[in-house]
Each structure stands twice: as C-alpha cells, then as structure tokens.
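Two complexes are shown next, each including subunit A; its partner changes from subunit B in the first to subunit C in the second.
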Partner chain A sequence: MGAGRLYAAVAAGGFRRYATYRAATAAGVFTNTAFGLILVYTYRALWDEKPHLGGYDQAQAVTYVWLGQALLSTLAIGGGGVEDELMERIRTGDVAIDLYRPVDLQMWWLAADLGRAFFQLLGRGLVPFAFGALFFPAYLPTDAGTWVALLVALLLAMLVGFGIRYLVALSAFWLLDGTGVSQMAWLLGYFCSGMLLPLNVFPGALGEVVRALPWSSLLQAPADVLLGHADPLRTYLFQGAWAAVLLGAGRLLQSVATRRVVVQGG
Partner chain B sequence: MGEGGRVREGARAYLLIAGMWMRSTMAYRFSFAMTTFGNFTATFFDFVAIMLMFSRVDALGGYALPEVAFLYGLSAVSFGLADLVIGSMERLGRRVRDGTLDTLLVRPAPVLAQVAADRFALRRMGRVVQGALVLGWSLTRVDIDWTVGKLLLMPVILVSGFGIFCSVFVAGAAFQFVAQDASEVQNAFTYGGTTLLQYPPTVFAKELVRGVTFVLPLAFVNWLPATYVLGRPYPLSLPEWVAFAPPLVAAGCCALAGLAWRTGLRSYRSTGS
Partner chain C sequence: MQDSDFITLEKVEKVFEVRKKAGFLKRERRQVRAVDSISFTVARGEMVGYIGPNGAGKSTTIKMLTGILMPSAGRLRVAGIDPSRERTRLAHRIGVVFGQRTTLWWDLPLIDSYRLAHRMYRIPDARYRENLDRCVELLELGALLDVPVRQLSLGQRMRGDIAAALLHDPEVLYLDEPTIGLDVVSKAKVRGFLKELNTERGTTVLLTTHDLQDIEQLCSRVMVIDHGRLMYDGPLAGLHEAGEGERTLVVDLERELPPIEVPPCRVVRVEGPRQWLAFPAGQSAAPLVAAIAAAYPLVDLSVREPDIEAVIAKMYAEKAVS
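== the complex of A and B ==
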C-alpha cells in the first residue's frame, strides 16, 4: 500500500471512530449551542456599547461567536484531540508498538487527528453554526470564494492545532504524567486563540503579542478570512509558517525522544 | 431507619470517602499544588476576559465592572462550592457504562453519598478562592446602600446558590443513568449556568431570562437577590420579596433532584460484565 493511501486510511479510521458515538455528538452539539447562546448575547451587549469594536460590526461579532463554537472541538482547543491517547500510550509504554510500525509516528497521529477534526467539523460544528446563522442577525458572505478561502484556512488551522498538541503530547516522554502540561496548554489555547474574546479586541501591546502567537491561527485567522477582515494569502502565509515551525519542532523532538528515552514497560 | 438516620449515615460515609481521597491526594503534594493553581488560573481567565471587555467599554448591559464582579463572585463561589462537594457526580456516566457502579450498590452506605465523594478533589478549592477574591474586591468597589436585610441576605445567597447548583449536579447525574454517552449535556447547565450568571441579566433576551427564572430557576442563585442588593431593576417585573425566596427555591430544587436521583437509580440495569 502506498504511503498516501495508508495515511488516508488512518484518517478515515479517525473519522469513523468519532462518528460511532452519536449520542455523545448530539450532546456536544447541544452544549456548544448553549455556550454560543450565552456568548452571543454578551458580545451583542459589548458591540451595542461600542459599535465597530475591533473593526467588526455587530453581525460580524455574531458570526465570530458561532464560528468559535463550531471550531472548539474541531481544533480541540479545549482538549480532547488525539494527544490524550498518545500521552497515555507513552505513559504505559504502548508507544513502543507504534514505533515498531513501518510508518512515521508524527504522520500517523496527524492523519488520525485530521480524521477526527473533519468529523467534529461536520458532526459538531455545522449545527451550532447553522443555528446561530438562522436565529441571529449574522454576517454571511454571499460569494462562494470566501467560503472556499475559509476551508483552506481551516485546514491550515488543523495543522497548527495538531502541531501544538503533538509537542504537548511528546512532553510525556520526559514527564510521564502530562496532565499538568496539557492543562496549561489548553488554558493558553483557550485564551490566546480568541475563544474567550476576539484577539483584535485585546488592548494595546497584549493584542499585538497574542495576534503573533501560533494560537491566533486557530480561530482568529479563519474568522478574519470569513469576515473579509484579512487578506487570505497573507493569512495562509502566517498559518503555514507556524505549521511548518511547529511540525518541524515536533519532528525534532520526536527524534530526540525516541533515541534517548527508555520506554516504560511492565 | 428514619430519614434523619439515613442522612446522618450518608454524611458519615461521604466524610470517610472524601477524607480517604484527600489523604491520597496529599501523597503527591507538588502535584496537588500544581493542579490547584491550574484550577485557580482556569477560572481566573474567565474573569480576565471580562476585564478585557471593560478595558474597551465602561458598562455592559448598564452594569459597571464592580457590579459585574459582584455577580461573578456570587456565581463563582456558589458554583465552586457545589463543584467541590459533589462535582464528581458528573463522572457517573462512566461508571454506568463500564459497570463499576455495581461495586457502590453492594456497599452498606447510601449510593448518592458514595458517588458524590468519589474521587473527591480538594484542588477544586481553586475556583472557590478565585470567586471569593473577586467577590471581596467587588464589595470594596461597588456602591451598595447597605441595610440589615441586605447584610443578612448575603450568606443566604451563597448557601442557596450552593443548594441550587448541587441539585443541578444531582439531576444531571440522574439523567446520566438514561443518557450514558450524552453526559456532556450536563455541562451546558453546570458550567454554562455559572457562565450565564456571571453577566448581568439585562444582557440577555427576555425569553432566556424567563427560562432561567421560571423553568430552571438558576436566576435565584444570584440574579434576583443580587439585583435587590444592588438596588437595580430586574428585567422581569416581579415583587420585591422574590429576592428573599432563594432558600425556598433551593429546597424545592433539592427535593426534585432527589426524586430524579431515586428514579434514575431504580432504572439502573448493570452491564453485567
């Protein structure tokens, strides 16, 4: 089997695996919609107070909220991606079996995570977004080009998201129990991705810093592409650069880890 | 055995189990300190988001920052205490799925107390402390026309809020007997509930406010009594004595949640594995 087909099969497996739990998916849709509802009212109050805050009008702020709810589980911003399982495999020593396989560790988990992300986008993301677009005055671009541009930005966001989480997971080679690191990672991700508040609303220097960090590729970058607030090509360049840096760092760390670390066994 | 006897027995079982988990946590003191700090920071970020909002505006829904902090503190402390005491119940779905609930059923102690104390995590104090700090700060800043009634009402708000959130946790756990995989629905009411109450009621649509006042009475945790303390109008026209109703509402909620719990427990069928 060719390498491309192999990773496609792994990704399809990741997709199907998450698609199995229908009740859990429905519950997730409900919860995302409920949180979106709370957030959308607070944002509307905020934009009532100060129209054009951060360069968005109120309809754009509404779209931002529902895009955020759609991407929360897709990009595993609050945790819940494949990194939990990889960490557990490193802790128990099962990762030795993964290293035996004639495939690349990073590519294998990337494929699995992309499969998961695509399912979460379709299964958990679409409904809250449609709900928001239907019941609130949201900004929706009418040209198909913007939506295609959004899809490309989302794909790059998935790569960056995985790049960050893979580094977090590999820390388990040294720490064994990665609970603390992953908790810190999702806290940072939540705050710096713009999930709590759009990054262009952040004041002064803090805003400059968070917009330059990799997490801004996750929600802020796709949102700006959808809302016509940023040039897609420049956004892709930013996201692509971070994806390359993070995935490269992951590859480097992986080679150090597999050479130096003794696998736990029992 | 009378009802009082069962309650005493449950409390004793709860304290024994929770004490055991605390000793087990304290075996790894550094890890405990780290996770408590993490818990504190996680909830702190919620408030940072509110502060960032107020760095750009002076009021939200007509409420200034100290007043929002007052609402936030009351909601966070009530919810934090409920989460500390019985927050472990959100894990019930897992025990139902893998059948480990059976172990709890054969032990000579009330199941509710066992499930509530299961994996008792003292690190959840982080949220309570954070909420209390915000509440304390708001009290130094907010302009309240204090009366004896308002002063007496303050502890009552926190205790009643604790009771209401506890009943949400218990009802959520009862729902997990039926739902199993769908346990995440509960988060919309627990974490979602406390997030909702952190913002002024004037921000939300009337239907939503009506829903959390008359259907799922979360508004009694802080919105209704706090608007009275702050001397602000509540978005729905309700008589003033409603501000003093939280204890009654909490008692009613707990009774209903208890009923739901019994129904859920009775419907439990083990996986048999």
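== the complex of A and C ==
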C-alpha cells in the first residue's frame, strides 16, 4: 500500500530527525540515569519500610523505576513529543503547509511521533534501563515471551500517549498559546501515569480512578505486563480501548478545527 | 470543465468572524469580509499575477483554492474539483510554494524531503527520477541535496521548496511571494525557472507577489485585489490606463527659475535648476517639449514612463478614499 510506505517514510524521518541531535540525546541519557538513581534509592527506602507495597517486591520496584526512566522520553510523559512542534506550527500558521499535502494530518503526526518514540526508546531508554538492571537488584523476567508482551504493550502505550498529546496540541487552534494546556497535561501525565509512584500504591477510590484513566496505559500497564502483574491480553484491551477513544476524539477535533478555525497568517 | 475555465471562481466570498474584547468577559463580534464576491477564470497554461496590498485577501483566495479554507459563499472549482470538499484529491494535482514558509524537513538533508514527496504523491519511480534530475539541474541544487535544510541560505531553500512542489507534476502551481527576501541573482534564477516551467510544461501558475518585477517579467495577465474586491483584471500594460498613470518630464534649465507653467503639465518637484513635470500618460510629449523649449532656457530633458508601482499605489489610495 502506498499510504503505508508514506507513513513508514514519515516515521523514519521522525526517527532520524531526533537522531541528528546527539548531544541532546547524551544529555537526556544522563538526566534519566540521574533521575532514576534518586527514585531508586527513595523506592528502596520506602519498600524497606513497607515490603510488598502495591503488590511489588523490592526487585520489582527497582525494575519499575528503570522502566519508568526508559519510557519517560519515549512516551513524552514530561513533554517533548511532536506536539510541541505541531502547536508551534498552528501558532505561526505553518500548519497550512501540512494541510496542503495529500495526507491525513493526524496520521502524519502519529507516524512522526512513532518514529520519535522508537528513537527515544533506543537512544534514551535502553542505557538507563541497562544501567539499572546492571547495578541494582532488579527483577528481570527470563522468558522471551514476557519481553515480547512488553513490546506490544509499549506500542499501544505509544498510541495512547500520542492520542492524549494530539488533543493537547489541537487546542492551540483555539487558544493560540497552548503553554498552559501543555503544562497541565505534563503535570497530569506525570502523576497519573505512575511516573512518581506506581498507581498500585494509590489507596481506595483515588487508586481506582487513576488506574482507569488513559495515563495508566503509559507506564503502569507496560510495567505490570513486564512484572507479571497483569494479564497481557486484558491490558492490551484496556490500552487499545483508550487508544481508539483518544485517536477518535482527535479525528473529530481535527475536522472541527480545520473546518472552522482560521489558519493563521498571510 | 474546459481548458478555458481551468480555475473558476463565481462570486466567491469569505467572511471571518472576529471577536474583540469589549470589557470584562464581554466580546464583540465583528464580521470581516476578507474576500468579497470575486469572480474570475484562469485558462489552463496561463500565468497570472495576483497582486494587492497586505490584507487585501490574496492569501485567503489561495487558501480557498487549495481547499484549506471553505468559501462562505459562491462557487469555486480547480480542475473541476471543489477544493474544500476534496482537498486530498486536489492536493495530488497542485503545487504550493510559500516564500515565507517551507515544506522541507528542517533538520534533515534536502534529499530526504524529496524522497518523502516521492512517497506522499505516489510518483512513479522513473517519473520521480526524471523530475528530480531536471529540477536539480535547472535550480542548481546538485551540491545542496545532502545539506540539512536548516543550513541552506534563503535563496537555496526557496529553490529547494520550488523543486519540492514540482516533483509530482502539478497542473497548477500557486506561488505566494516566491522571491521575497532573495537577492538579484536568486530572483533571476527563480523567474527563469518559472518561465520555462510555464512555457515547456504548460503548468498553470498563479503568482502573488509584492515584487512587480516578478509580474512584469512573468505574467501576461494581472489581477489586482484590494479590500477583498477584484479591481483590475487584464494585461499588465492596461494597468497604466486603469490607474490613470502619469508620465513625467524631467527638465534641466540653465538656472533656478520659478515653476514652469505649460498646461496640462503640473510641476511636482523642483530641485535647483531641475524640475519634474507630470502629464497624463495618454498625451504625446512632443508638443509639451516644444512649448517648454520655446519659453524656457532648456539644457536637457528626459521622459519617464509611469512606474507600475506608483500606478498601483494610486489605485489603492483612490479606492481607500471612495
């Protein structure tokens, strides 16, 4: 199919665009590793006090931390995905160029974001994860099937992550300056994905709610698949449902935006 | 659709609603008529200049012609297609170049953007090779293909953008200020290329610009738009009359003298012994020169044709008053 090849080319471009900035990648690896170190010591102190918190043992908690660091930039939980660029293009009116192309705006940016995500996973994710696995007593499954299952969950997490951030980006059509929305999304993402603390640890109703929100697809869901804490198929169903809802909402908002809203600038 | 009405606009309008602050939480709605009942047709293979001051409605028209804005009223067809309804289908048949924006992938080498266009427009391989080779040769892009776009100069990037818009053999090319910010040499290159494209390939070109030399050198037909209305549509030469242009006599006298009085000449400027006299463009200069020579100590004299820019500026100004 021609369209498949096109979006593969867009994704490959997205991958290589991020690959050109080597210094930024190196700095990112360092940051993720340092951040992981802080978290891992905190977690270990916490799990010393309360063993089996959230159903994880200490080795699983350690794995959770390093998986989180590997996924932070991959899923752009703290920002830094293609939405920044898209918002800027909407603000300046450059988005007009994207609309002149014989492509679907959402698919185009999804492909670009997937390319970016794969680069970040390899370029920024692997090293901190390997570092953590090497220097800390981490839980690492030995059967290949679990790792494959993790990959599928990651792919779905990428779709959900993009789905959320695309909605955020489209808000720029109405707000022009999306900084506020971005920061809100960033904060929510950080908290609700389980980046600070696993969502399993959240008590009562709050725990029920955050585990049902789309953000739990990002880190909590893949982590539970890796740690053998959740049935992969049920996890995929959950992630897939959110991906469908969010991407569908994105399509809807996109058609409203492109039909009703003025494309900026002459 | 016939070749004579390849692009058709019939009483096309675009009205924007602008909300303005009118106190705390209160917003006033105001309608802005960016394009006001414009009608014209462009034949296949024509090269038309579309000019007007900033905010006249040029870009709004182009956006409607490419389908990213929907007209508020009227009928609009490009190659028989209703642009806003079938934007994607139309996109395969048109090319768009913005002087102030780029379609190229900023971080990656130029060639990557072309490879993407190859996939995006599903250009057959042989055709892609041929078109790329041709653009590379004529636009002198050979040495630039492996250079990241962010490192290109403005002129280089512009040529790169033009090539990107042409790889899929568009039947129509919209150019929005393709020579803005370019130096003389780059401008000449771009114009030469466009001229050849139009004559050899028969590509229909709609060109908006503020640089009237673009129009003078490329377009046999020009449309002037102001405040969303079409004010002139015809050959470039006809603009002089439409704008009631004036020619100028520059007269050098032997010494400083009071302003020359030879009707219907009108002294517009005096600088020492030199005087500038305006007279209607339609009138012959010969009797005026004779009359001046008979009454004044004349040293030298020259006639200046009306400046097309001045003509257009005058058109705008008159419309603003009326």
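Note that in this section the second predicted complex is superposed on the first by the 264 of 266 C-alpha atoms of A that agree within 3 Å, B and C clash if a C-alpha of one lies under 4 Å from a C-alpha of the other, contacts with A are read in each partner's own complex, and residues count from 1 in each chain.
In this section, contacts are C-beta pairs under 8 Å (C-beta built on N, C-alpha and C of every residue); 3 or more make two chains touch, one makes a residue touch a chain.
Everything numeric in this text was worked out from a predicted model, so none of it was measured.
With the two structures overlaid on subunit A, would subunit B and subunit C clash, or do they fit side by side?
fit
Return the chain, subunit B or subunit C, that is in touch with more residues of subunit A.
The partner making contact with more of subunit A's residues is B.
Based on the superposed arrangement, let me know which partner A:17 touches: subunit B (first), subunit C (second), both, or neither?
The second partner, subunit C, only.
May I ask you to decide whether A:197 touches subunit B, subunit C, both, or neither, giving the answer as first, second, both or neither?
The answer is first: A:197 touches subunit B but not subunit C.
For the superposed arrangement, I'd like the angle with vertex at the C-alpha centre of subunit A and ends at subunit B and subunit C, nearest 10 degrees.
Rounded to the nearest ten degrees, it is 90.
I'd like to know which partner A:5 touches here: subunit B for first, subunit C for second, both or neither.
second
By the touch definition at the top of the document, which applies to A:102: first (subunit B), second (subunit C), both, or neither?
Once the two structures are laid over each other on A, A:102 reaches subunit C alone.
If we overlay the two complexes on their shared chain A, which of subunit B and subunit C does A:255 touch? Say first, second, both or neither.
neither
With the two complexes overlaid on chain A, what is the closest approach of subunit B to subunit C, counting only CA atoms, in Å?
11
Touching subunit B and also subunit C: which subunit A residues?
Comparing the two interfaces on subunit A, one with subunit B and one with subunit C, the shared residues are 21.
Show which residues of subunit C lie in contact with subunit A when the two form their complex.
16, 54-55, 58-59, 63, 66, 68-70, 87-89, 91-92, 94, 96, 98, 101-103, 105, 107-108, 112, 115-116, 119-122, 148
Over in the complex, which subunit B residues touch subunit A? Could you list them?
Residue list for subunit B touching subunit A: 31, 34-35, 38, 41-42, 45-46, 48-49, 52-53, 55-61, 179-185, 187-189, 192, 195-196, 199, 202-205, 208.
Under the touch definition given earlier, write down the residues of subunit A that touch subunit B in their complex.
Checking each residue of subunit A against subunit B gives 21-24, 26-28, 30-31, 34-35, 37-38, 41-42, 44-46, 49-50, 53, 177, 179-180, 183-184, 187, 190-191, 196-197, 201-203.
Could you please specify the touching residues of subunit A with respect to subunit C in the complex?
2, 5-6, 9-10, 13, 16-17, 20-21, 93-94, 96-97, 99-104, 258-259, 262-263, 265-266
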